[in-house]
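First the structure, which I've put down as structure tokens, then a few questions once you've had a look.
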Amino acid sequence: MKKKDLKIVVIGGGSSYTPELIEGLIQAYPMLPVKDLYLVDIEEGGEKLEIIGNLAKRMIKKYDIPINVHLTYDRRIAIKDADFITTQIRVGMLEARSKDEMIPLRYNCIGQETTGAGGFAKALRTVPVILDICKDIEELAPEAFLLNFTNPAGIVTEAVIKYTNVKTIGLCNLPIGTKMQVADWYDVELKDVQLEMVGINHLNWTTKIMVKKTNVTTDILNNSRESELQVRNIPNLEWDRAFLKSLKALPCAYHRYYYMKDKMLEDQKKKVAIDGNRAKVVMEVEKSLFEKYKDPELQDKPKELENRGGAYYSEAAIQLITSIYCNKGDTHIVNVKNNGIIPFLPSDVSVEVNCMIDSNGAHPIQISTPIEPHIKGLMQVVKAYEELTVKSAAEGNYEAGLQALTIHPLVGDVTKAKQIFKDILYENANFLPQFH
Amino acid sequence: MKKKDLKIVVIGGGSSYTPELIEGLIQAYPMLPVKDLYLVDIEEGGEKLEIIGNLAKRMIKKYDIPINVHLTYDRRIAIKDADFITTQIRVGMLEARSKDEMIPLRYNCIGQETTGAGGFAKALRTVPVILDICKDIEELAPEAFLLNFTNPAGIVTEAVIKYTNVKTIGLCNLPIGTKMQVADWYDVELKDVQLEMVGINHLNWTTKIMVKKTNVTTDILNNSRESELQVRNIPNLEWDRAFLKSLKALPCAYHRYYYMKDKMLEDQKKKVAIDGNRAKVVMEVEKSLFEKYKDPELQDKPKELENRGGAYYSEAAIQLITSIYCNKGDTHIVNVKNNGIIPFLPSDVSVEVNCMIDSNGAHPIQISTPIEPHIKGLMQVVKAYEELTVKSAAEGNYEAGLQALTIHPLVGDVTKAKQIFKDILYENANFLPQFH
Amino acid sequence: MKKKDLKIVVIGGGSSYTPELIEGLIQAYPMLPVKDLYLVDIEEGGEKLEIIGNLAKRMIKKYDIPINVHLTYDRRIAIKDADFITTQIRVGMLEARSKDEMIPLRYNCIGQETTGAGGFAKALRTVPVILDICKDIEELAPEAFLLNFTNPAGIVTEAVIKYTNVKTIGLCNLPIGTKMQVADWYDVELKDVQLEMVGINHLNWTTKIMVKKTNVTTDILNNSRESELQVRNIPNLEWDRAFLKSLKALPCAYHRYYYMKDKMLEDQKKKVAIDGNRAKVVMEVEKSLFEKYKDPELQDKPKELENRGGAYYSEAAIQLITSIYCNKGDTHIVNVKNNGIIPFLPSDVSVEVNCMIDSNGAHPIQISTPIEPHIKGLMQVVKAYEELTVKSAAEGNYEAGLQALTIHPLVGDVTKAKQIFKDILYENANFLPQFH
Amino acid sequence: MKKKDLKIVVIGGGSSYTPELIEGLIQAYPMLPVKDLYLVDIEEGGEKLEIIGNLAKRMIKKYDIPINVHLTYDRRIAIKDADFITTQIRVGMLEARSKDEMIPLRYNCIGQETTGAGGFAKALRTVPVILDICKDIEELAPEAFLLNFTNPAGIVTEAVIKYTNVKTIGLCNLPIGTKMQVADWYDVELKDVQLEMVGINHLNWTTKIMVKKTNVTTDILNNSRESELQVRNIPNLEWDRAFLKSLKALPCAYHRYYYMKDKMLEDQKKKVAIDGNRAKVVMEVEKSLFEKYKDPELQDKPKELENRGGAYYSEAAIQLITSIYCNKGDTHIVNVKNNGIIPFLPSDVSVEVNCMIDSNGAHPIQISTPIEPHIKGLMQVVKAYEELTVKSAAEGNYEAGLQALTIHPLVGDVTKAKQIFKDILYENANFLPQFH
């Protein structure tokens, strides 16, 4: 692959996250000599694409890097012979996210962007669009890697695995975020931290934490530093110490929705009553960010982007692309086809685990810590939900969707499931052609 | 084994169910020539044992069958060289059951005898007693079969599998009850009905129903006859038809607690408010039953026993014993070690599946219907709960218990789990030596 | 299925074994009321078919049973709406068998009808014909059971499993023969003997032998009665006692080819030098049998048929058909899709194990004895050979065939494998269209 | 672990290979600052140990590296608090190897040092000694890594995995040798070559060969460069091209014994007739090497060592130790516990696969190429042989040993197996205490 003319495509290029990616590409240029960068978006997002595109060009110009930035609505031109394609799309935009947060709440269920019934709705909207993109990739760039950031990343990646021949890796910022947090606690460099993570996207457990070759897992759990592990989008409720000790692993931020269901629901209700939902908050952040981006003097990623949540996404992405491009053989935590690496999950599902990355892609590394039933059981039921959601989203299968919601721990009741599903189908009708 | 002097032991012989078992033994005598029947109970249950023992003797005398009935508090004498040992014990008696139903309710969780936090408490009390009994069996009757009816039967059976060398089979009346109901619907004989059940005790799905060699599964689901499937102890709420169709299998009665969690909780609250809990109701039924049993004129199982719930337990038991004793090679649905027959559950857990029964015991038969994710996922998380509960109960392990409650779909929250566990430990202190 | 007009088809109806099948159908008539029996053969076998057909009619007439015997060359007419279809074909007839025995011998390898390079050649000739028959069954009788006796039965059954949707069960007389031999040794009835067999066709181990509920496996191995276990087609060389003890299971007759490779090869060479090969011997037997069959006075299966080898085939077949037809739920040892019942073999291969038989077919029963590495290893390499042979035979794949022969323990060398394969392809050219 | 005082132990330090190891340690010193190097041997090898020790000291002195070389017969002193322990022992010395080569030949079987009946005998002698060493490690250096080079390395490593708690990695020079050969063919650096190897020690297949990110597997197979792949100890017979193509993987040098059994046997017979066996040849080489080593002027590893066979052993070892010590996270092909990475082999056996190496040891990486039945089948039967051999060697179990030899493809007959086993037990009696 180490050819001269490296071509990278960003689908959803008008995203407010893009400047971070641009910054990353500039820094990585010596290792990763990108010639053409295509930012693709839909016409409705034309204004944002324009703003982002101009900012990108200013940033690149400032550092005098020979990357050509192309803006286009025609994703087929962009995909043609691409080397890496990333997706960061939001079908239905933040308005849809707002519904994802509010519909479940009506029925006393947590409404969250990527988890539970909210994530289910997002999956229904997103999977068909991604599968469409994959058809283009299969035709126009069959050797390209599709790096998927689009949430719910585990479900979207699994859909690509099951329904297409595209080489895909799903990516999340939680792993790198955890690593950075640990590095910060112990005041060491990132390279001195190694994590063994096991699980699925947004539901992974860190079962072993090595800092400078010392296993500090128990140390961290006993000192409850976990409660400092913050993700911008998720309320930072304190973990119960006895619980963490019995868990024997570091939970991820999203685990709060599962393990502290009641408090998280109360918290959401309170916040919605005061500030409106998270989608509204994000809309404001975005609006102000784009105002900043417009500034023709701006030649760098503005600080404010860090308030947006989703930090380190592009860092994770650039590192991954570099490892593939340079055939590095180092270890990343990414979403890939299971193939038995988590032996108690089906073979053809997506999992989020340590992988050795080389020019052939991501190769899962055997898990060295025994996985106890409490981790296994929760992972299995949520994965079953994901399997059903993939099927429902890809095939427009109502029955699979109803069962998915019914067994999800954040719904868990058929009456609620039916009502929520009905509202989702009704209020997202424009984005769910597969159910018509 | 086909020796002359067949010895059967009933541990918990003073149970109100015993007359049904006696009736069964009388009817089965030509196939199953029991010489000695030992009814064993603890001294606190002495009065009941006396009443039951006398009734048993009158019944046997009436039919002129040469079975010797022995009453004893010394279970070692009973177990010595026994062929079959059944257990139907209730550690803490109905007072404890009452707590099992009320403690979870305080925290807005369903309180049920065998499922959820109530079943968890019952498991903690019961497993140590059963493991003690098994030590006696290992010493005094290592070749005996332990047929376990004691609830939670799946967990108790799994504890015996994991912690002892006793040959055990767990038994429940749900499978035979379902079979009888289907026979009734189609107006056929029991032998014309075949079920494929897959799952674990009190959480099994009937994935295939054959009546006279015709697969009637879809017919039954479409016609929602399932809502007629009643178990005396469980409120008979109506199933949603669209849900049943999407489930593609007949749920068991206990599935209502999982799939209709909210309604079942409301129902329980209402009933407790009016009549008190189910334990109280059963106490009344039992009291009146024992009054009946005392009647020296009574020489048969009284009709009223059927109101007690748990019908067909003894029918299932006698059939199973006969199949083993006569090496019949027929098929029963019982609880046994998995060993890969449900490939997505661990090898060493108990499962409830079709088994071929011969003089060597129960041999699971391969499942012929594919199991879809919605069934798999729920089964896996509840089995993980059971694995943790077995460990907690057998080893007095607090951490495993806390995780068990936290991931159980009827609790599902660590705050609730901690509170419920605390109350259970406190209010059952006399019966939980393993935690001291 | 229990309809009035039961239709059975015998493909290869002109076989010398057919009278045994007729006798079985006559005896089973009260349970198995066959209305139409179709004997199908190819035109080249017309004379034999005529002889067999007439004998069958005389036999049926003698016992005054209302079975209609039809003779036809048109297998589609026969298959149309059939309930059971059996195959007992020999593509290339005994001339081809003679080659199967002689070609390997040229290269110092055992030449045997169903095992090793001889069985490989037979598989190449047979699989395409069986798959053709299956196409007709899929079209004309999709609900029919195909009971396959055609050797190599394990490979042929696996081809049907992998390449068609036909409901199939493979059948061999070794299991019933072993059972009869054990019954004879212990002077008990057949029903008092239970075997646990594990393995694949013509390579199965009896790991547990129960006689009247007593485990007599060790008794049999220690007393080396195994050497009495005879199969007409296989030289009865004496087993080494220390070896049998270390094997901890009863080998089958064909195991001699594997465990006593050298002696068996010497034995074959000697016999061929004196009498010619086994095929020639069988030709003589067959010729004389058909002379007998022609006798218009003959109204019964002649005694001499027992010299032919393959005894009890029809007994096994009739019992199996009856169990399916009557939905008996009893246990037979047959060849079915593995699906995990032998966990160290692939899911989609054929295995020969205990199955519960009902109107839905054969349901493998979990194996209760642990399988040690010496049994596992040999079974795995021969199964790998079978997988490759199925692929080679069904797809005309030379590479798979070459690897199959190379790893087979009776060849085990690439130089020999190439030479043998070349001779097979050349000398069987008329019967191997898939390689042209 | 990154402590100052790194202690390395070489058990069998008097081996003629040791100078290569010393050279490696000198070169690696900047990365791997060894403080103490213990060369351990038995008293019978005292003279050799002395010679090697002095040469080692001269070499280290020449390069002015502060490694302290200690010579001792007391392995407990050496092991105490060691970081890395390597074993390169030869129980019974070259005299025993000579028997290993000659005994099988008497019965027309290949006699080879590590494979077949010869390797079996070597395993019987070696495993008890290694397990004894492990007892010392468990007591005196429980955190140490045992790097095992002692042949048969796969079997020895498996014995350590199954019978001890020692952290072990088995090591062979075949993988690095293959890599070097490929680098040579394509005239690239070692770092530009990546191999996917799958299998067990001395029986592994290279299923994917990447050179500068291009998959060259088919290119290599088609051009039959494989026949150039030489190992000093193994006759370099030419591979059949059609066979290589059908294999779809690069065989290892030892595969010739399996795939070209007949030619290899002929070759061995011929060579033994002319030169005596390989052990005799090696004795001469060794004798002359030690003469060289004695030379007080010699301060470097002499060129002649390369004729000895076993090239690159120490290169592989030093790289592995460095990767662990420096927590490098790079990929090595080593022998480790399977744990499902080769899904069709048992969990607790040793396998030779790509592993990510960090300070916690070796973590197998998922295999990315599908493994076809011809590779699987041969690997499984030889692994079954290894499992039985481990059991026989560790427990003195005759029955397991007899079955091991019987199913091994290079013996494959019970009569031969019994005779060979008898001779082995008799002629190695001094070294087989476990069988007394």
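Labels A, B, C and D are assigned to the chains in the order they are written; within every chain, residues are numbered from 1.
As a working rule, a contact is a pair of C-beta atoms (placed from the backbone, for glycine too) under 8 Å apart; a residue touches a chain by one contact, two chains touch by 3 or more.
All figures in this text were calculated on a predicted structure; none of them were measured in a lab.
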item: Chains touching both chain A and chain D; value: none
item: Distance-maximising chain from chain B - centres being C-alpha averages; value: D
item: Separation of mean Cα positions, chain C and chain B [Å, integer]; value: 45
item: Chain centre separation in whole Å, for chain C relative to chain A (CA means); value: 56
item: Chain C: positions in contact with at least two other chains; value: none
item: Residues of chain D defined as touching chain C within the complex; value: 240, 242-243, 245-248, 258-263, 344, 346, 372-374, 376-378, 380-385, 387-388, 398-400, 402-404, 406-407, 409, 412-416, 418
item: In the complex with chain C, residue positions of chain B that touch it; value: 1-2, 194, 210, 212-213, 327, 329-331, 339-341, 343, 356, 358-360, 363-366, 368
